[in-house]
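Both complexes shown next keep chain A, but they swap its partner, so chain B is in the first and chain C is in the second.
Right, the complex of A and B next:
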């Protein structure tokens, strides 16, 4: 089977929606299959790869930082990039530049980059399919 | 003495995988710890939080795995048992979703829609989440 090229456009901010859980599950499967993956992280999703995210304890659960083991989306992005590479694929993760500027989240996980809607256009032209997961 | 607040929770399963709990129930528990006095009504899709034995497997992305996936029934039980909050579910919303009453966790109270106005009268503030 030929290796597909898939583009995902994400819009939801981290920690606000189940849409990103769905997105990461799909992205993980694509990475495990060695696909070429393009991600355009737009609007709130431009914070997914923000490098300064920090896990926190959960006093309501009565757990410290280690016990709570709170997930951060930056770790999921980094794991996605590593998974793709291990399986012979690659991820081109683009953070919308204007979106990160207005949010002050312009320090990214290594391996992701700043970009623009022109990247989404280029991704679309080069992809077998495009999935938009918009904010609802 | 704190103002009695009635919290009607409609939003359900929003970002629970990333937060490992429901953000509304969480903030109510945290406020209760600070002295607030809350009552909770689960309505619409949020009635499913009262179904016992639920849970989702943790996420996995490559070698990253989630170890503390949310358990919403555990969090509702925490409100009832540990924090002594009264938690209701709207009976009609439970029935509409095909949930049998025997599937609900112990300690949860059933509330017909028609009884809501009376509950409003008993509280100083009504917050609809």
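Right, the complex of A and C next:
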């Protein structure tokens, strides 16, 4: 199959919805295929790549940070970018500027960038397909 | 004829909106289109054999290809052998397959 360009619009905030688990599963498959991936992260999803996320311990279960091994979405985003690059693809991950300003999450992991809804329009125009995963 | 992939992530016992997805799938088939309905997350719950799921049964009867994400099934302890007739377990890769083929895609 030829390399495709797929766009995903994500809306859910980190650590709240199974939608993001499914979204990252889909993104990982597209990355493993070396596809060109565009992501427009808006509303709560604009915090997915927020660089200041830190894993936490679980004192209730008596686990320290290493034992808890808590995943962060910023690491998942970074892993996605690395996976795409390893497979000859690329990811253009855009964090909605208005959304990050509202939330104070305008420090991103490297390889992602600030953008606007105009980027989603451009992504849509340039893509073979688009999947919008809205929040409930 | 167009090809569609509808993705249902919600449980019809929790969200009445699911009936609209089922209805859309049936209407598209009646209009001569090729339709796949992919069940993910809590959307797989009505795929259990014996569930009170007339809506999903109507979708299957209409000729929609109904697929259920195997990861979502496994998370919920639903074995493939417990699926109702007409529902196929699938890898989530099928969504990327459809997208790459340019099929019209809609998530609910």
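Definition applied: the second predicted complex is superposed on the first by the 136 of 136 C-alpha atoms of A that agree within 3 Å, B and C clash if a C-alpha of one lies under 4 Å from a C-alpha of the other, contacts with A are read in each partner's own complex, and residues count from 1 in each chain.
To be clear about the criterion, contacts are C-beta pairs under 8 Å (C-beta built on N, C-alpha and C of every residue); 3 or more make two chains touch, one makes a residue touch a chain.
What you see is a predicted model, and the numbers here were worked out from it, not measured in a lab.
For the composite obtained by overlaying on chain A, chain B and chain C can both be accommodated side by side without a clash.
Of the two partner chains placed around the shared chain by superposition, chain B is the only one that A:82 touches, whereas chain C remains out of contact.
Taking chain A as the reference chain, the count of touched residues is higher for B when chain B and chain C are set side by side.
Once the two complexes are laid over each other on the shared chain, residue contacts for A:25 go to chain B and to chain C alike. Once the two complexes are overlaid on the shared chain, A:71 sits against chain B while remaining clear of chain C.
In the superposition on chain A, contact of A:15 is made with chain B only, not with chain C. Put simply, if you stand at the Cα centre of chain A and look at the Cα centres of chain B and chain C, the angle between them is 60 degrees to the nearest 10. Looking at the shared chain after the overlay, A:4 reaches chain C, while chain B stays out of its contact range.
Contacts of A:126 after superposition: neither chain B nor chain C is touched. In the superposition on chain A, A:60 contacts chain B only, with no contact to chain C. In the superposition on chain A, no contact is made by A:98 with either chain B or chain C. After superposing the two complexes on chain A, the shortest C-alpha to C-alpha distance between chain B and chain C comes to 5 Å. Residues common to the contacts of chain A with chain B and with chain C across the two structures: 18, 25.
Residue ranges of chain A in contact with chain B, taken from their complex: 14-18, 20-21, 24-25, 27-28, 31-32, 58-61, 63, 67-71, 73, 75-76, 78-80, 82-84, 86.
Residues 13-21, 26, 29-30, 33, 59-64, 66-68, 78 of chain B are the ones that touch chain A when the two sit in their complex. Across the complex, chain A is touched by residues 7, 9-10, 15, 40-42, 69, 71-72, 92-93, 95-96, 99-100, 102-103, 105, 107 of chain C.
Within the complex, the chain A residues that touch chain C are 1, 4, 6, 18-19, 22, 25-26, 29-30, 33, 35, 128-134, 136.
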